[in-house]
Every structure is written in C-alpha cells, then in structure tokens.
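Chain naming follows the written order as A, B, C and D, and within any one chain the residues start at number 1.
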Amino acid sequence: MTQSLKAAVIGAGRIGLVHAASVTDTEGVTLEYVVDPISESAERVARAYHCKAATDPLAVINSGEIDLVIIGSPTPTHVPLMEAAIDAGVHVLCEKPIDLDIKNVDRLRDKANNSKTHVGIGFNRRLDPQYNTVKQRVDKGDIGKVEQVIIISRDPGPAPQSYIAVSGGIFRDMTIHDFDMARFFVPHIVEVFASGTNSFCDYIKEENDFDNVTVTMKGAAGEIVTIINSRHSAFGYDQRIEVFGDKGMLQTSNLTHSTVQLFSKEATSSAEPFMDNFLERHAVSYRRELQLFIKGIQEGKQYNSTYDDGRAALLLADAAHESSRTGKAIPINLM
Amino acid sequence: MTQSLKAAVIGAGRIGLVHAASVTDTEGVTLEYVVDPISESAERVARAYHCKAATDPLAVINSGEIDLVIIGSPTPTHVPLMEAAIDAGVHVLCEKPIDLDIKNVDRLRDKANNSKTHVGIGFNRRLDPQYNTVKQRVDKGDIGKVEQVIIISRDPGPAPQSYIAVSGGIFRDMTIHDFDMARFFVPHIVEVFASGTNSFCDYIKEENDFDNVTVTMKGAAGEIVTIINSRHSAFGYDQRIEVFGDKGMLQTSNLTHSTVQLFSKEATSSAEPFMDNFLERHAVSYRRELQLFIKGIQEGKQYNSTYDDGRAALLLADAAHESSRTGKAIPINLM
Amino acid sequence: MTQSLKAAVIGAGRIGLVHAASVTDTEGVTLEYVVDPISESAERVARAYHCKAATDPLAVINSGEIDLVIIGSPTPTHVPLMEAAIDAGVHVLCEKPIDLDIKNVDRLRDKANNSKTHVGIGFNRRLDPQYNTVKQRVDKGDIGKVEQVIIISRDPGPAPQSYIAVSGGIFRDMTIHDFDMARFFVPHIVEVFASGTNSFCDYIKEENDFDNVTVTMKGAAGEIVTIINSRHSAFGYDQRIEVFGDKGMLQTSNLTHSTVQLFSKEATSSAEPFMDNFLERHAVSYRRELQLFIKGIQEGKQYNSTYDDGRAALLLADAAHESSRTGKAIPINLM
Amino acid sequence: MTQSLKAAVIGAGRIGLVHAASVTDTEGVTLEYVVDPISESAERVARAYHCKAATDPLAVINSGEIDLVIIGSPTPTHVPLMEAAIDAGVHVLCEKPIDLDIKNVDRLRDKANNSKTHVGIGFNRRLDPQYNTVKQRVDKGDIGKVEQVIIISRDPGPAPQSYIAVSGGIFRDMTIHDFDMARFFVPHIVEVFASGTNSFCDYIKEENDFDNVTVTMKGAAGEIVTIINSRHSAFGYDQRIEVFGDKGMLQTSNLTHSTVQLFSKEATSSAEPFMDNFLERHAVSYRRELQLFIKGIQEGKQYNSTYDDGRAALLLADAAHESSRTGKAIPINLM
C-alpha cells in the first residue's frame, strides 16, 4: 500500500472547506494543515477536521511537513503560492483562475510546465458525472464528428458588488469555467466573439461589467461553440450542455434532489426546483478532482486540467472581454 | 375510384356529433342522415353537417338509401338496431357496450358473426396512436414475450348520478374500455379478480357502485394484467399503459396540448395539465375507427373490434362485478 | 353567415400543395384556381382538389373571379405578384422571403403598407402550438421580463446544390424563419453578429455558403438572442426555443409521432426519432396561418406577420451575412 | 459531544459489508466487531474496516464491549439474536424479514415492544430520498386524501435456486419490502388479494414459487394499493411508486447514473439503462437507516421501522401467499 500524502489546504473560506472535506474523505492523502491569515478561521476549520492551523502559507509550504498543497486563497495569491510550492518540491492543486492578468500567468508558465512535482488547475466541472459521461460518449464516437457545442450556465444569483469589483469581469470570473468546458470538447479555439448586456443588476453595471453574456467561438476544424451566461436564474443553478455531431447529439439536463413529480390541477409533472448551490451541485466533482490528482501523483500521470488549460481559459476570457467592448471577433492562438 | 358509401348516424348526442364529424372528414363515405327521436336535435346536427334529419332509426335503416349505419344511441337500442341493420343488409358500426346483459349479447351473437355486411364494435382506443404504436412494437418483438400489462385509466370527473344509475356499474361502463385494451395485448384471459371502494363520491355509493377499482387478470400463457381505474382525476384525463416483456418494457405517457415547460422558483419543468376531455383526447382514434371500417368494407377485411370482442369485454366486466362482490377470483372462458 | 372567399393558390410545388389542402379544409374560403406555369402540374393538383387549373398567375389575379391569392411560387415572383394582387384589390398571403434583395422589398413597401386589401407574409412558425403557447405565457408574465432567447433550428438534411445556389445563402433562406421567431419575442433588434463554418457539406462550401451558423443579436432593452442552425441533423428536424426571463424560463421540446418509450437492456426511455419533415411538423401552423388570415379579413384586423415583419427578417439576414464575412457586429435599425 | 456508540455487525456477506461501510462512515458510532461463523470471512472484513473479527455472535453480544448490534446474518438467526441483544441491553437493528414464520415473530413480540434498548427493523426503502420525498409531500397535503397507491418493483434477475428454496416464497422474500412501502402510505390494511404466475423461470416453478405476482389490498379508509412484482427486468432494477389522491398524484421515476441523453437516427432521447444493483440503488438509504437509528438512540425516539412494522409486513405476505393459492381475498387485522 502506498504511503499517505500529507496535505495543506490554503484558505479557510467556502472553497477551502470543500477541499478540507475532500482530503478527509479521500484515500491516500491526510490533512495536516489548514492555513488562513485570519487565525480564528484557520483554527475553526482545523478543529473540525482534526488537523493543525497556521496563518503563513509560505511557512507551511516550506516546512518540509507536507507533500501536497491545495490553494483556495484569493486569486492574487495563486501565482506566488504555486511558485513557492514548485520551488519547494510540493505538489500543487490550484483553484481557477490562475490569475486575472495574463502577464502573471505567462511569467510562471515555463516553470509550471517543467515542474518536477504535479501542478493541477481546479476546473472541476470536467469531472462532473454529467459532463464526463458526455465526453466519454463523444470519445466513443456516439455522435460522430463534433460540429456544435452549446453551454448554458446561469448562476442562482449575482455575487455581491464587493466581489464583482475585484472579479476581473464576468468573462474571467464566471465564463472561465465554460471556456474550459468548451475546450474539453474543442481544444483548439481560433476565434472568439462576445456580447454582453445589463439587464437586471445596477451594481454590476456600475462596475462596468455585464449581467448577461453570450460568447461564440470557432474551432480549428470548423466547430462552433456557443456559451450563454446569466448572473441570475429564478429556478436555481442552471447548467447544461449540448454537443451536436454529424451522427447525433448528446445532452445533459439539470439536477434536482429527487425525481419526484407532482401532477395537479394547475400543472402536469411538476418537479422541485434545481439545486441552488454550486458546492452542492458539484460536490462529486470536487471529490473526484482530488482523487484524480492523488492518482496522477501515484502513477506519474496527469489527469487534471494543466497549467496551460488554465492559461487558455484566461486567454479566451481576455478575448471575450475585448470583443464585447469592440464588437469585433478576435482571432486567438492558444499554442 | 370506389363509390362513396352513404351513411346514417343514429344519435345526435355527444358521441353522435363526433361520428357525424368523422363521416364528413373521411373519404369514401358521405353523411346522408342524422337520426334522433328528438327531432330538434336531429335537425340541428343535420343543418351543421348538410344532411337529412330523421327521428325513426328503423325507417332509415330500412329506407334503402344508406349503406352504412353508425349507432351512437343509448345502450338498450344497440342490439335491436344492429339486428335491423344486419337484416337490412346495411353495414353497422356500433358504440360500446353491445348491451349490459350478456343474454342479449348472446342472442344476437350467431347472426352478427354470420352477417354478410360488416359489423364493428367501437372500441376506438385500440386505434389511438399511442396504444397502437405500443401494439405494433410488441408485435415486432421489441419487448419479447409479454408478461405483465398495466392499464391506468382515470376519468377527469364522475358522470352525473342519473347516468351512473343506468350505467350497469363502473366495470361495464368505464372499465369495459380497459378490458378491451387488455385483450389487445392478452386476448385469452382465463381469470378475473376485482376490488372496488368508495373513496369520494356519495351518489356513486348510493347507486351501489364503486368510484375506485382495481382488476387483476391472468392470461392463458401466464400473463398478469392489472387495471386501475378512478372516476376522477384532479390533473385531467389520465390514460397510460405499460407492457412488460422478458426483453423490455413499452410505456405511454399522457398527452398535453403542448410540450412547453415552465421552470420557475416554485418548480422545475412544469407543464400544462393533461387534456380533460375524452373526445379531444381520442379525436384521432374516432377518426381512424371510421377510416378502418370503410377500408374493411372496401377490401372485404375486418380491421375493427368484432362482435365477439365486444362480448368478451362484457364477460370480463360481469366477472369483475361478481368478483368485487364475492372476494373471489372468477375463472372465465371467452371462447 | 359570411360568404366564402374565393382563393387561388399560385405554385403547384410542395408548398403550393400544402396551401391547396389548407384552403380545402378551412371554413370561409373556397379553392377556385391552382396556378403553375407547368400546366401538367397545375392540372394534377386541380384534379385532386376539384378546382380550375391555370398557367398565368397575372391573368388569374386580374380575372375578377378571386378574392384572395396565396403565393407559393419561386421567390423572384413574390414582389411582382404581390404588387399585382394589391393593384387588383385582391387579398394576398405570400410565402417567405418577400425577396432576396432588400431594394426590391423596399420598392413595394409603401404600397404594401397602404394596401386596401390584406397583405400577409407566411411566417407560419409563430402560429405553431408550441411557440404560440410560449408567447402567450410570456405575455401573461409567467417569466417576467425577457432577457435571453435561444433558438435552435436544424434541418434534417441539406437542400440540393441547385437550390443552395439560388437560395441567397443560409441566413436569407433558413435562418430567416428564426429571425422572425426572434422578433416574435424581441421585436426591436439593434445589433447582429453572425458566424458560419463549413463542417460537412462540400457543395455548400462551393457555393460560398455555410452549413453551420450561429447568430447573436441584441435587443433595444438589453435582451440577447442566440440562434443556432445546422443544415443537417441525424435525429430529424430539430426545432426548439428557450425564453429566459427574470422570473423563470419557458422551453419547448421537439415532437415525435407518439410519446411511447422503450426501456431495454441497451437503453432506458428511448423514444422514436423526431419528425423528419417540416410539412408534417408544421402542418398545424400552415392551417392556422390561413385560418387567421381569413379571420383577419372578416374582422378587418391583422393576425399574420406583416410586410414589415418580412422586411425586418431580411434586414437581419443581410446583417448576419455581412457580419459573418467581416467578423464585426452590425448595428441595425428596423424602423 | 455525545460519546461514540460501539457497534458489532453480524454477518460478513453482501449485506454485512454494506452495514460495516455505513458504520465506518457514520458519526456517533464506531465499528468494534464483525462476526461471522466462517472466520476467514469475518477476518477479511475486519481487516478492511480496521476492527476485530469474531465467530460467535452471542459471545460478542454478551461481551459488554458493544452498545449496538446490526444483524445481517441468515433469517433463522434473526429472532434468537434479537432476543439475546434485548436481554443483554444492547440496541439492535435487524435486517428484514424478522422471520419466515409468524409464530416465531409473535413469540418475541412483547419482549421486543417492551425492550429498554432500541429495536429497529431494516426496511431501508422508506428512507430512500425518492420515496421519502413522496411521503413528505403526501403528509404536507400536496395530493389531498390518498386513494390509490401503485408500487412497481422488479428485480434485475432471479436469485439462484438454492436461495429461492429457502426464501419463504416471493411474497415473504421480495414483496415484503413493498408491503412495508404500502404501509408507509396506508398503515391500516384490511384485505389482501394476490395472484402469481410462472412466466420465465423453470426452477422457481420447481420450488412451487411464482416469478411474476400482483397484489391488491384495501385500506381501512377505502384506499386501494396495487403491488406489481417480477423476479427479472431486462432494463435493470425497476422501482417506482405512484400515489394518487383526490387533489393530485405524486410519482417517482427510476434512477440512472447520469441524465445524459443521446439523440440519434435510431432513437430520440435515449438514456443509459437503470442501475442494476440494489446495493448501489439504495446505498443512500442504507446509510440513512443507520444515521436515523443512532439519532433515535441519542434522542430517545424511534425513527426506523418498528418490530410491529416487521410483523405487519409478514402478516401481509402470509395473506398474499394464501390468497394466491386459494383465489380468495383474505381479510386481515394488523393490530
């Protein structure tokens, strides 16, 4: 039996908690540290998960006590902490996005791609059972050659203004997941057009950001990818894809807690609303993300999104941002 | 081109109107007469469909002016009018049930089975596109050998007490359609058990009838058929079947006017209620029933339910009636 | 009772046949003439529908024998025949598109808009029970303020090269229906972006046309409309819309001939393929189109798409054509 | 924080493994012992779950080392082991059925009902998220007064002949789950009719047992419950219920691993087959069963099926057995 890897989770916020729980539940890895500059937060999580608390991430990364770090702290800390981990010979799984500025991403690119330890970027949706099943069936040839991909992704409600202000804009903050999903099916995107409007949220408009957007992209083999986003959805978290090929189409539907349907005078076959919370909706994929990262380390393989996948998503987001302001389709080179 | 058959519709009530409309819309047949003892009713329908009105069905049947009679008058008139039509050499399509008393049915049996003109019984549901597709796929072998048939049939609301009083009871009036549907898939029924209760309607109880019933039947090859009926349904006309075989299962669902779904805060994927009216729900099958009857006459074949199908349904209803009163399974011989 | 209007159908091709059947089945209108330059075609249809055949449409329009003309002849004849009908005081229902050249459309615009007789353009899909139900529920406020409209429309297979060559391109020929559908929900479009690729059909590429396209449009109130088209679909005619508002979403699904589902070892809940033929899929809406046109004449109202609706769809198609060649979003003014 | 209860799992077979895993994953309980007369089996499971192995269940129950015993050994051991646990002051959760002979069940009845420690019977399906949601909505009044319950339950394939031979017959072995589910919605059953056939499995016939059965039951308030069972299902584990009331109907559907649908030339909306394995299908409910048992102990309440629920299910199974052999409806008194 392989020895258990010792892990630190950096960030004791919502995402950090998810990762702490995943580490605890995953074989082959043990939670050693939870790190947060606010010591109370770190300690509260540490108590819940029976591990040590710390406030200085660099000290933990360089402590020699850990094999693996999971970065769930704010975006500006991602690049420096990944770099520290690579330098310290520690495996690193980092939340998306790598950074909001492509220059910072590019600066670490060579080092990340040549790292002796594993570097993974947390695009967990590729690992969602729904999307993953679609990918497997596409790869098996069920729908022939992919021609069109439609990604619909709507959040239950907008983040607060303070978050929007530092989010880098909807394309870099929210659509970035869909850019990665697009590349799951069409890796070689060559052109991006984006369109955004302000339909319902005044403070998003104040921040010069959009609340509803659509992105159209072309792939190198003539594929067309369409992404449709909204910052709100009255019926809960709305996440669906449709992959259309020359031999058929694969489609996911949203998830509810049960499949129970009510037939009444007012309506036929009415089910409960969709799940409202991305942590709940994607609980399985967060777990699988870590399991695959551990498996990759054990086998010397890469099962997670790579640094360059993270970079590609940001390049697409930047192009969408530009396109939505200029009204022009933007050619792109992801190599 | 074959010459158009001249038809009389007997009965200017709800069902008579349906048949008058069918005749008008069907090629190969022309509406000559609408007959009803209430001359105003006959005349009103005759005006709408541009045909002659009459009050005496026997006179019309024997007038020599018609090739075909469709009987939609009250049940006690069915056997005498069918007999008159057979005697007059007129084709006859008669609404279900043949009669509420098996003795009357048996009295005409030989004459009906040896008639030189066509005799058809109006079990239109066999011709419904939903049920008919199931039958075709069963016959094609899609589910292998039939083992279980489940028929769920609920009316939107109970008929008035005056109707219940002369209906012959739920098994002979309502379940009779389902007995015929059962024999569509399992012709050789050998045993009947039925159970009935009074759940919601006082005047049905007053008439010594049930408002909710279940029937279990065995087929000669070990098939089990289950029928579930209710005299009301809050969500509209509820008609479904499920045919289970050793290689798979075929299932119909109910119909709504459109497939539009609403996703809202309260519920996901809520559609409009089911159709409330059997005439609307089964409009297509009433039309097809007449088309096949005409086609049968033209080709010298029998595409509709036969007199003996009508008799079998009544025998099953009688057995169910007895079983529901005695608590015993009733052996039956439909030959 | 109002007197029956006398109608001529111009064009004895596929679409002409549909209109001839509709006239025959619709109350308040009688088929007098079928007109086609190929006299054999006209006569064959005339025999089937018991009306007169003719080869010269202008002669029929000016004969004084008809009240109403339905134009189903090739696109270049639409404007001259509409003009002749208006001049002759004959009501005219014309198939889409009005013309492939906006100059020709604009030339007749004032005369069409000031015509004393009714002028309707045949965008039948607005009258499809599915789409119409969505519109009614949107108007009733079921989803609040419309924010996003997604229209997916895929043909079963590409038209032959000879047709593509004179079609005016996919945007003017196929997407034009979707432009009209977009305006059903968002009348005031202010910007169009379009993207097209060549994925599967060599002869469409030879004609400098696309086989897969996506269009993104903005409405005056910040709505985003997305249209996704393909010239083929392995699973049959694929036509769906999704209208997303701040209080919910309405969605249609495709239609099959029955709702029967097969559950087997290989797959759960497998239904038959979608309808393959637009005439079959839209039979009801062609019928309703004529019924509403007759009703409009009788009541002095306009229930069908107007000349300006037809013009708007062409303007959007032209803008999409330009955008797909330049990579730029095109501002548009439909007034 | 409450102290963790120490548990023993008796039986190292398929069901024992499920319970061992549940104990390990559930807060408030720790696995101390796995017991099986075959010491190798006990030791293999003990190694996997880091607990002690034993071969003598009575010794473990009386060891003073455990607070709680979960009985997953063969049916004839259930009553003696439950009695030993009650005598030893140990909480006991016992797999269904209590026993195949009602005399044995009745012998322990008073002692079980007066036990100072908790006694629960493992009818886990009540705790399945699907069924439980239906129950909650019924209790909330969503469908008004319950009138009809339809339970469809088909196993993927028949158990081996050796198992059938000692199973007590399909009603006591398989339908017993559905009898408990029936009582979840209609506790006071007053009459049972059952019908069984031999459709596909020779060795089931050799054992004088049925492979397809239907049960009809009446409730004290006039409810009708219908159970439909088959020992095989080509499309996997088929478990559905439909609860019909005077204000509406609630319905569950089967579960697949994902909701992905394939639309192809052959079929529209084809999903993957249903789950094939009851352990997989009911994994969640086995877990919840233990969680609720622990919660009940902690709070001094009873959240699981009681001894009398287990007895009632056996009484119904006995009545069904008798009815299926005599063709008579059997009155029943569950008090």
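Quick note on the criterion: a residue touches a chain if its C-beta (ideal position, glycine included) is under 8 Å from a C-beta of that chain, and two chains touch if they have at least 3 such contacts.
Everything numeric in this text was worked out from a predicted model, so none of it was measured.
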Open item on the list: For the interfaces A-B and B-D, which has the higher count of C-beta pairs in contact?
Closed with: B-D
TODO: Return the chain whose centre of C-alpha atoms lies at maximal distance from the corresponding centre of subunit D.
DONE: C
TODO: Among C-D, A-D or B-D, find the interface that matches A-C: by residue number, over half of the contact pairs should be common to both.
DONE: B-D
- [ ] List the centre-to-centre spacing of subunit B and subunit D in whole Å, with centres computed as mean CA coordinates.
- [x] 42
Open item on the list: Taking the mean of the CA coordinates per chain, how far is subunit A from subunit B in Å?
Closed with: 58
Task: Sequence positions of subunit D contacting 2 or more other chains - done: 143, 234-235, 238, 247-249, 262-265, 272
Task: Residue ranges of subunit B touching subunit C (in the complex, touch as defined) - done: 129-130, 133-134, 137, 142-143, 247-255, 257-265, 272
- [ ] Over in the complex, which subunit A residues touch subunit C? Could you list them?
- [x] 143-145, 147-148, 150, 152, 154, 191, 193, 195, 197-200, 212-214, 216, 218, 221-224, 226, 228, 230, 232-235, 238, 244-249, 327-329
Task: Residues on subunit D engaged by subunit C in the complex (per definition of touch) - done: 234-236, 238, 254, 256, 262-274
